[in-house]
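Read through the structure below, which is laid out as structure tokens, and then see the notes.
Every chain is named by a letter (A, B, C and D) in the order it is written, and numbering of its residues begins at 1.
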Amino acid sequence: MNGSLLTFLKGGVHPPESKELTEHLPIESMPLPATVEILLSQHFGAPCTPLVKKKDEVVEGDMIGEVKAGLGAGIHSSVTGKIKNIATSAHPISVSASSVVIQTDSEAGPREYTPCKWMDLSRDELLGRIKRAGIVGIGGAGFPTHVKLSPPPEAKVDTLIINGAECEPYLTTDHRVMLEHPDQVIEGAKILSIILGLKECHIGIEANKPDAIEALQKTAKESSNGFRILVDSLKVKYPQGSEKQLIESITGRRVPGFGLPFDVGVIVQNVGTTRAVYDAVVLEKPLYEKVITISGRSINRPANLLVRVGTKLSDIVSFLGGTKPELSKVLMGGPMMGFAVSTLDMPVTKTTSGVLFLTEEEIDIRPHGQCIRCGWCLDACPMGLSPNEIAIYVEAGRAEDTSQFGVFECFECGCCAFVCPAKRPLVQFIRLAKMKAKK
Amino acid sequence: MSESPLWTVSISPHVKSRESVEKIMWTVVACLLPPLILSVFIFGLQTLIITLISVISCVATEAISQKLLNRPITIRDGSAVITGLLMAYIIPPGVPYWIPILGAIMAIYVAKHLLGGIGFNIFNPALIGRAFLLASFPVAMTSAWLTPIRDAAVFKYMGTGIDAVSTATPLYVLKHYGMAAVLEKFGSLSTIYGDFFIGWRPGCIGETSALLLLIGGIYLLYKKYITWHIPISVIVSVGFFTWVFGGEKLFTGNPLLAVLSGGVILGAFFMATDYVTSPTQKTGKLIFGAGVGALTVLIRLKGGYPEGVCYAILLMNPLTPAFETWFKPKRFAPPKGAEK
Amino acid sequence: MKNFRREYLILSILAVLGLILLGGCKPEHRFIKKTAFKDINSIVITFAGPVDEAWAKNTSNYSIYEKPDPDIKLKIGQVSISPDKRTVVLTFEEDLNQDQPHILNISEIISEGKSLGTAFVKVKKLYFGYLFSILIGAMIINNFVFAKYLGLCVFFGTSQKKSTAVGMGITFTIVIVFSAMMAWFLYQFVLKPYRLDFLQIVVFIGLVSLSVQAVDTILRKVNPALFKAFGVYLVLVIANCIVIAVPLILADNEYNGWESLMLALGAGLGFLIALFLMSSVRERLDLANVPTTYRGLPIAFVVAGLFALAFMGFSGMSIF
Amino acid sequence: MPATTKTNSQLVINGILNENPIFRLALSMCPAVGISTSVMNGLLLGIAVLFVQVFSSCTISVIRNYIHPKIRIPTYTLTIATWVTVIDLVLAAYMPAAYKEMGIFVKLIVAFAIITMRLEMFACKNSVPASFWDGVGMGLGFMFAMMTLGFVRELLGMGTLFGYDILGFKPLLFFVLPAAGFFCVGIMMAIYNYVELAYNRKKKG
């Protein structure tokens, strides 16, 4: 660990971490639910077309949906069983979406995977395995990983960063994965490096996870064989794990607005994705299960759970002993950027990183007032935007004039709304502005 | 989960900081109280009554204005209380009781709610209230000072029927009779520094004790409700310009006396830092503060009033919107070609 | 608009250079080198050679009055003379109003036994300072909009947007300097000598229209792009009372050329400042929840009133 | 605008209410702010403006068919300037005190947008009688506005009306300061707006 902690320069906030609820809990496997609802749209890009019909038998890991045209990644069955229906389910973002409902065959045992030697495989084969496994960026928007790993030839990628910052409060999945499976993370990082033709990579971890940093450093040293894996400890500051901020923290480069990381020669992959890459390449196991954090002060038993994609929240809740009566908000994702949901019929997707059950004390439901121009949001915004101005323009019905403030560079980290003493829903205003102020 | 849950569904972020407008405003109120207590002690109950009238009429005007304009009534956020306190702190404590009521109407209704309520007032309402009163009652507003009594005026005047004895403020004496007269009236320089710092001097409530105001201001700094930029640049520029131009010859002015006398400390920490009417960016804040300081000295030395802090802040306030467009936060990395 | 800034810059630099070259205080008598105010109540006269002490000490040799009031002679308390007999200090019984130029009438200067005739000199504050105080006075302290309440129609009409406001302000400054200088020239060399001053309104308004027309034509030919940017404001300039008020003021006060230039420049820049401040505030008020009946002009008036209240801070100010 | 169809009385009322030069058209506001400090000032300047407006309107209306469109603005300006010179000299000669009080504003009538505007909008298209009544309406409207402002400001500022002591004390010196002129005009405009809104609402409902 080097002396001074790396960080980005502009903005950022320190929300209460609340990670103590789950950070010491080992990853626990959840028993298979009776049915799973696998959404056909779990990634950035076009939704999948189902490959199965009603009453078909599927085995765990079988491909059940694929993208016919455009950007996307395949979707696999997460259980062995029979297709019950192809219907619609609740979706955390787009309210409802088509899904495949599978009745679990409780008799079937788990599918076995054997590790293989991957060092001899060609780059194309490695990418092919990742594509076949349907891997998407599971830390965020769900961008298909094989696409991200094939930057255009003119982009000179010289740095790979594994994102283990996990700056969102409450969430501890990446933390537990790094702590319990450092070997798999390191191995995954090596695979990614080879695909990108690099000999070294950075792993950025916020300094509030010293045990994870130590574990990874130890593993990296033991199994370096030719690779340089640098574990960088980062200052604890939200949004440290945002791609652009992480790149600045570690390399000092700034990705320009509307640009992508490879414009400054960097590729970023999440820790969870890295481990999924390991699974896909070494075990040839598709991405159909993932570790999620179930936390918040109104779930009876917080946990880090290994769940199958498609498991409904209600099954998780009943497995963990139900919720407390003071429950007042249910979130999918972290409290800063996650989505509030109105029903527990929601299935877990590849990009779900946690489900939070919050009490009224943890959230803030005070009504908002007029902007008092304190300027705190300006100091908090990591992108150097002016959320106060954007909000005032939107309130005055002039949302179309907000592009002058760079509203499209906002990635909705929520820092501004977090610090706002008038409790103004700034992110909401900015979304409205984005909708109205087309470039 | 069969019963329909009544959960909150809203857009991210779902956690928010503990700070709130009410908390900020009431903290400022608390930081403003110590000088009031001291002035009750040294000037008598009159100061308390004037302050109470000012605060109550500001709050009432706020409530009535909001009712008239069909807006949510937000008197609990404490902003009207601050306006009332500040206005009482910058008018002479010996004025007739109905004067602050008129000031409150001007400050809250015209200067704040007609312009769109909190956040849109271009000028600091308390200062507008004071400027309005000064224009309306030039005699009362420049002469109704009280003499400080060291041994607790509150007891001394009780039951005697005398309200208080009026006197002239140090800056008034300085402007009209020169430094020698100040020394004659208020004692040697070192006594003056001490007295002015602690608060034994005639003047507005907010002008009395530099020490207590500083304590309040520093607490606000500690709570990060204000930043150091405006107060420091106001104080430094008042000191600097007084040092350069304040004496008989260049570079012979007395910066310490200039900073300690009048409302410099109150203005620097509590009025120029008003969120609504001051810039949000550091560069803007520094220039804003320097402008306030320079104008203060200009009005003190060349203008028609002995004290210039209030007008200096009022004159800088309307520059704030322009400052906001000149000094914007540095964008992370704007898209290429988007800069105009 | 960016391309044209440089031309204005060059123009203003030239104006300042001209000032430096030509400004300066020239006493009207060859034997008197310099006259100046010393303290609040004294005047220093520096002669080119030594003067007779007895003559110099006689207070009745001097008669002095403020320029606007030739009837009120100021009383001289005592006269002191320096050892080299070249400098004389007149101390007055009362404080002098140094904002006004004073006329000093010195009878029969006697130097080394010779009479050098009478002298009729002006005592003014440092001339640059005086010019500067006219400029600052017109620009800020007695801002034509906020302290003299002129030019309001155009002020409220063009202060809705910052870009319009700045354009109008710059156009206006050019036109007013142009027309004020012509007006000064006509007034001093035509109207006054021929006793036609009763025609000043007709002549001045004619001049204003002429100079607007002239600026219009010149701009159109010389810089069409600039004309496109500012042409629309030219018509409005005629309707601005400041443009006619400035010639009237300088005729009333008998300003000389430099003073007129400073007044005109100050008036123009002051209008620009007022427009800029008002427009930036109004752009913000556009976003505010102003009561319906106050939207638009009424609230602009209220804000202008607040501005005027703030500008009262400058009342009673004299810089030099 | 075609030749007007309004009757003479409508023209006068129009000038006072619907198209009040100060409160509705927002023209010629410098005097409204600067010297509406007393009813007397308002009355005098009102008379001066009425005079200039009526005579200029009539003059232009008489010669409206002979003015070349290209030089019409200079013609207006010169006509107005002539009449302003007349009233200026008359006032200076016969009412020196009041003339001094109003200062530069009498001369500035020449730059009052309202007069030029009425010439352009009305007098150059209408017959002499109509122009006369329009001029009267505008002049009276101006006078009415000035006197209303003067009334409020004199009463509140000095406690007097036409120089006679009414209240016996000076309530708010602020109102005779020109800064208050801005407020009074703004508030009067808002009242006009309010009345209009209320009137329209009543018409609808």
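One rule holds in what follows: contacts are C-beta pairs under 8 Å (C-beta built on N, C-alpha and C of every residue); 3 or more make two chains touch, one makes a residue touch a chain.
Since this is a predicted model, take the numbers as computed values, not measurements.
> If you apply the touch rule, which chains end up adjacent to both chain B and chain C?
A, D
> Between B-D and C-D, which chain pair shares more contacting C-beta pairs?
Answer by contact count: C-D.
> Which chain is most remote from chain D in terms of Cα centres?
A
> Measuring from the mean C-alpha position of chain B to the mean C-alpha position of chain D, what distance in angstrom results?
So the centroids are 42 Å from each other.
> I'd like to verify one number: the distance from the centre of chain C to the centre of chain D, where each centre is the average of its C-alpha atoms, in whole angstrom.
Result: the chain centres lie 30 Å from each other.
> Report, in whole Å, the distance between the mean C-alpha point of chain A and the mean C-alpha point of chain C.
Computed from C-alpha means, the inter-chain centre distance equals 69 Å.
> Rounded to a whole Å, what is the gap between the Cα centroids of chain A and chain D?
Here chain A and chain D have centroids separated by 70 Å.
> For chain D, which residues are shared contacts with two or more other chains?
Touching at least two other chains: 177, 179, 183.
> Mind pulling the residue numbers of chain C that touch at least two other chains?
Touching at least two other chains: 287-288, 291, 294, 299, 302, 307, 309, 312.
> Residues touching two or more other chains, restricted to chain B: which are they?
110, 117, 119-120, 132, 135
> Testing understanding: with touching defined as stated, what is the shape of the graph linking the protein chains, line, ring, star, complete or other?
other
> Which pairs of chains touch each other in this structure?
A-B, A-C, B-C, B-D, C-D
> What does chain C use to touch chain B in their complex?
Within the complex, chain C contacts chain B at residues 276-277, 280-281, 283-285, 287-291, 294, 299, 302-303, 306-307, 309-319.
> Okay, in this complex, where on chain B does chain C touch?
That would be residues 69, 71, 110-111, 114-117, 119-120, 122-123, 128, 131-132, 134-135, 295, 298-299, 302-305, 308, 310-312, 314-315, 317-319, 321-322, 325 of chain B.
> Spell out the residues on chain B that touch chain A in their complex, using ranges where they run on.
Within the complex, chain B touches chain A at residues 1, 5, 7-17, 19-21, 23-24, 74, 77, 79, 117-120, 275-276, 280-281, 324, 328-336, 338.
> What residues of chain D sit close enough to touch chain C in their complex?
Against chain C, chain D makes touches at 26-30, 33-34, 73-74, 77-78, 80-82, 84-85, 88-89, 104, 107-108, 110-113, 116, 177-183, 185-187, 189-191, 193-194, 197.
> Contact residues on chain C for chain D in the complex?
Those in contact with chain D are residues 147-153, 156, 198-202, 205-206, 209, 238-241, 243-245, 248-249, 252, 291-294, 297-302, 304-305, 307-309, 312.
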